[in-house]
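Each structure below is given as structure tokens.
There are two complexes below, and they share chain A, which is joined by chain B in the first and by chain C in the second.
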Partner chain A sequence: MIKNFLYSQKVAPYIFVLPFIAVFAIFWAYPLASSVGMSFQHTMLGQPSEWIGSDNYSKLMSDGVFLKAVSNSVVYMVLTLVILIPFPMLFAVLINNKFMWGREFFKSTFFFPALTSIVVAGTVFRLMFGEMEGSLINSFLGLFGVEPIKFLKGQVTGFVALLALASWRWIGVNMLYFLSGLKSIPEEYYEAASIDGASSFQKFTRITMPLLKPTTIYVITISIYAGLAMFIESMMLWNGNNSPKNIGLTIVGYLYRQGIEKNDLGYAAAVGIVLLLIAMAINITQLILTGMFKKED
Partner chain B sequence: MKKKWLLLFMVTVFTVWMTGCGNGGNAGGEKTVIDGGAGESAISLEYWTFVELHGQHFETMLKKWNEANPERQIKLNVTVMPYDDMHNKLLIAVQTGEGAPDIADVELGKFPNFLAGTPQLEPLNDAVDPFRDTIVQSRLDLYSKDGTNYGLPTHVGATVAFYNTEILEEAGVNYKDIVTWEDYKKAGIQVYEKTGKYMGTADTSATWQSAMMLAQQDSDFTNDEIKPQVNSEQMIKGLTILKDLQASNVLATIAGGQPDTEEAYGEFNSGNYASAMMPLWHMSRYTNYMPDLEGKIAIAPLPVIKEGMPRSLGGGGTGTVVTKTAKDIQLAKDFLAFAKLSLDANIEIWNTLGFDPVNTDVWEMKDVTHNPDNKFVKYFANNPFDVLNEMKDEIQLIKSTSASPTINNILCTITLNEIFEDGRDIAEALNAAQEQIEQELK
Partner chain C sequence: MKISIGAKTLLFVFFSVVCVLILIPFYAITIGSFKPGKELVRYGLNLQFDLSVMSFDNFVFLFTGSHSYFTWFSNSLFLTIVQVALTLIVSATVAYGFAAYEFRGKNFLFICVLLIMMVPFEILLLPLYTLTFHLGMMNSYSAIILPGIANAATIFFFRQYLRGIPKEMIAAGRVDGATEYGIYIRLILPVMKPSFAAMAILNGMNSWNNILWPFMVISNAGKYTLPIGLKTLLTPYGNNYDLLIVGSFFSILPILILFLAFQKYFIDGMTAGAVKG
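What follows is the complex of A and B.
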């Protein structure tokens, strides 16, 4: 009986996917459903919660700090896309080139930052971008006669520091994605193009870029999510969740502030749901535009 | 070959991910066990704090407790965590009833979060009663709700001015002549012209100065109905005075945003600022983090807007609490009262921590306060208790209310930065702050 059951071709597939379904249900679907419910309640840990309808959402829409957090996250996401897609792609192509010397060295050097803890990296960057004359960046700028800059107190300079950290950390990872994509492009295409007299630039735009498209779409998708969900980088760079004038506050940072620091979990849940909606909207639009949902020709 | 490469890559990425999570999720803090000469049968109590020094005080008191109470001996497991971290973890632990320590330090600014709704802390009234008449009532009220005491105070935190006499002498200024902010301004201009150094800081990440200005005018961040009023006339007047001082190069913003930060300790230690207006517990920061200033720092009453106004206020504070989930509640309560409220404890709080104890009788004990072997007496140019006793009746209080965490958050992240870093109009910035605070408290 049991043997029949186990060897049954109908049941076996379900057993194989069961672990995934269970993990998905327990750690993803249930928390999501529960946050949606919570976002319509006034919930504090240890206190009875009450239903308050859409009050949390209407409060969110007129909350200046929340809107600031959303704009910070979106700007950060866009800027990381601008930096973290073209440059890693370029570096990958360079490193993949047969005539490049020290390929393995560059590969590991670029990837190395991803292995460091973000806590350590954030702290080091905070000290580098310190506002005192003696901090690394300011003493470097001082060589050119530039007055010390209060990097972490200004919106633009704060983002410079934040993006420097993100670039330093993620360029290598994205580069590896592109490298693995490049490895799957057959050499023959380039040979044929050479025979037809194509220039290197033409080969890059006509062969490399189109064939890298699946990799690019994947990298864009995860970068959009990572950009919108960024939190620890900002928290470490400003040594806490409260940056001056909230210049480094992200959506997740605001969720943390409301939910953990102020124990208002219902409001924090509403923030989370809005983040989910924004991320989904942007990513689905992006996937439709890049033709991911189109049927294969 | 290609597959192998890909596999290696995936394993690496996965490992990175996992370590990344591990680092983010866990900030365990430093843990030490203090046994204070306790025997085998001693009960272990967990104690969380965000100030390493507080553990030293408990170490002294634990020895005395274990000697005096051989039947009820205690071992203390002290965990020191960063400020935000500790309060966040403690709040969650206390509210969910899981993983909380037996006793913990809660800073004044965070205390209202723990009093929201039904407090998940043990009432301490019976432990306080034997000492109630000897300690400053208002300090106890800070950690109470509806007459129930939930936290035991550590100090009065009388705010004073710390002057660097070396810089002042170089500029030909005598700090004893400074009575009003007008005098302070004149002295500051002289200091800036003669030495190129700033007289003091314009704080952007703390409300010590705003509170100081309000207290002098008998005002507060909240009104009698506990409604926020950060755009009050008094607040505007106070910040206008500070802003004017900044415009005359008397005050300047400092790295870290206020004197009690790591960056600022460095700036002060290098002698870039001639004064700091801080609660008295700031003394311990001088002895611990600014060794180069030994013998140069003098303590004096705060300058005031008009002569005759109160010259000090209680600032900051830590309430030590017993959680509802403590292993032995009565033992924890009795030990806390012994370690924080008894006369002995008050004397040790001064000896070890350099705080102004809540039992003001200690302030009069010359042999304790003027003990030449005391490290604070040695470090400072004059004796803090001479100053404290002189203005004992002028120590004002700023209320701690359920609105305080929000008010602090808005002022310290947004408003003070706008005013002192970006030069935004004071009334405009304060009106915006008031609006945001009301919105968040809705």
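What follows is the complex of A and C.
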């Protein structure tokens, strides 16, 4: 009886997706709910917690360090979008030409940085952007007579280092996404356009860009996520969760500082919920603007 | 579209320049791994190929010195293999459920998959940390493996892939008297092989390099993974660059070899099912 039940076509799909239901409930829905709850409490690990209403949130709004972290994360996200969408797209279009020399080699090489651990990549970039005269970037600038720069001590130069690290690691990955999008555009479109006398630039703006849109939306969505949630990059670059005047502090870095380093779980939970709201708001706006929710023509 | 020799040369030169820029950090770390840590502290990491300060000392220390590098290395290797194997099997099974059947609640559950892909995991760090604490799973690899065992991105990818498999295959299996599970194991899994290669590399990469969550739940030094171990070499009291640089260099090799061996599957697999609708 039981065996027949478990083997029926009605029950089998639930058995197949059961692991997901379990993981979703235990490690996602429950923590999310408890995070919302915790954000309205004063709570420390191993101590009884008390309800304090929206105190954590009102405290956050006037917490200058938190606002600094939010602005850092948002600026970082916007700048990574500005760099890591157009350039990988352009590279993908150029490398997609079957007559190009060495395209397989370039594709693999561009992907190499993504294989490195952020611990390794962050350490290498920290040393490359070191403040000494002999550090890689400074020794290069020195060739043009530029005095050594203390990259990781200034807001702008610190972000240059962060963005260099992000670009280095992700340009090849995003390029692969765009290449997969390009594969689905039929060659005939371009041939027809050529017959009509379209220039390469027109082909790019009238055929490639519109047809790459689903891929572009996907890459923008994951980049928003990654940009807002960035933490370890900053932690490795500044060798700890403390940067001078918090120039490298991110929202997740602040969550980590409050929750793990200061054990103030309720306040940290509120930081997490604000991050969730920011991420959802930006992503939904983005999806509306790019027409994701419009009905298919 | 055919292009002229001039355009070809221009493209080649352009990509070669970008390529050199991308390879510079790899070159720097390779050169650095042959230099003593003191040299790095004094002059910084650079591209100088200076034989008078370069030696195999760091490599000798890596293989013969007293440190825990290879404990971390084998921990990482073990964790990566177990995690990738379990994640792939579980995620593929879930994806098959979504791709092959119509059932009540399917759309709702699939929206949950997409939701996980869009919401930063990091906001759950603390509640997951307390949960792990209360479940008594601190310092165990199951705390690292279990939360990601039905991985949303992997489920999504496998489902896209399975949509291309004809439903007649499943129907034919039923006619032959196979059970629902028999069809999956004997007919569908073999067909999914190419997509497994791509997902193995992607998940393997993530697992091998994963730091934030493992760093939070593993505090027992004997269980450190490679990224955690390398990170402990960086301390406020001075950094152990001798082991750090050569260890970093060496840690890239396994995943690089895996990638080079399977790159054809990987790039094709990534581009097969990645971003469709």
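The rule is short, and it goes like this: the second predicted complex is superposed on the first by the 287 of 297 C-alpha atoms of A that agree within 3 Å, B and C clash if a C-alpha of one lies under 4 Å from a C-alpha of the other, contacts with A are read in each partner's own complex, and residues count from 1 in each chain.
By our rule, a contact is a pair of C-beta atoms (placed from the backbone, for glycine too) under 8 Å apart; a residue touches a chain by one contact, two chains touch by 3 or more.
Bear in mind the structure is a predicted one, so any value in this text is a computation, not a measurement.
A.B. asks: Given the touch rule stated above, what does A:L228 touch, chain B (first), chain C (second), both, or neither?
C.D. replies: Once the two structures are laid over each other on A, A:L228 reaches chain C alone.
A.B. asks: Touching A:F125 in the superposition: chain B (first), chain C (second), both, neither?
C.D. replies: A:F125 contacts chain C only, not chain B.
A.B. asks: Which of the two partners, first being chain B and second being chain C, lies in contact with A:R206: first, second, both, or neither?
C.D. replies: neither
A.B. asks: Check whether A:K59 is in contact with chain B, with chain C, with both or with neither, and answer first, second, both or neither.
C.D. replies: first
A.B. asks: Which partner reaches more residues of chain A, chain B or chain C?
C.D. replies: C
A.B. asks: For A:P19, using the defined touch cut-off, is the partner it touches chain B, chain C, both, or neither? Pick first, second, both or neither.
C.D. replies: Second partner only, chain C.
A.B. asks: Give me the intersection of chain A's contacts with chain B and its contacts with chain C, in residue numbers.
C.D. replies: In the superposed arrangement, which is not itself an observed complex, chain A uses residues 45, 111, 114-115, 117-119, 130, 132, 176, 180, 183-184, 232, 240, 260 for both chain B and chain C.
A.B. asks: Sort out for me which residues of chain B touch chain A in the complex.
C.D. replies: Chain B reaches chain A through residues 2, 5-6, 9, 12-13, 16, 19-20, 23-24, 84, 87-88, 91-92, 94-97, 113, 116-118, 120, 204-205, 255, 257, 263, 266-267, 405-406, 409, 412-414, 417-418, 421-422, 436, 439-440, 442.
A.B. asks: Sort out for me which residues of chain A touch chain B in the complex.
C.D. replies: Residue list for chain A touching chain B: 44-47, 59, 62-65, 111, 114-115, 117-119, 130-132, 150, 153, 173, 176, 180, 183-184, 232, 240-246, 260-263.
A.B. asks: Give the list of chain A residues in touch with chain C in this complex.
C.D. replies: Of all residues in chain A, those touching chain C are 7-10, 12-17, 19-24, 26-28, 30-32, 34-35, 38, 45, 91, 94-95, 97, 99-102, 106-121, 123-125, 127-128, 130, 132-136, 138-139, 168, 171-172, 176-177, 179-181, 183-184, 190, 194, 214-215, 218, 221, 225, 228-229, 231-232, 239-240, 252, 255-256, 259-260, 265, 268-269, 272-273, 275-276, 279-280, 283.
A.B. asks: Could you pull out which chain C residues touch chain A in their complex?
C.D. replies: Interface residues on the chain C side: 1-3, 8, 11-12, 14-15, 18-19, 22-26, 28-29, 32, 40, 42-48, 90, 93-94, 96-98, 100-101, 103, 106, 109, 112-113, 116, 118-131, 133, 146-147, 149-150, 155, 179-181, 184, 205, 208-209, 211-212, 216, 226-227, 230-231, 234, 236, 239, 244-245, 248, 251-252, 255-256, 259-260, 263, 267, 270-272, 274-277.
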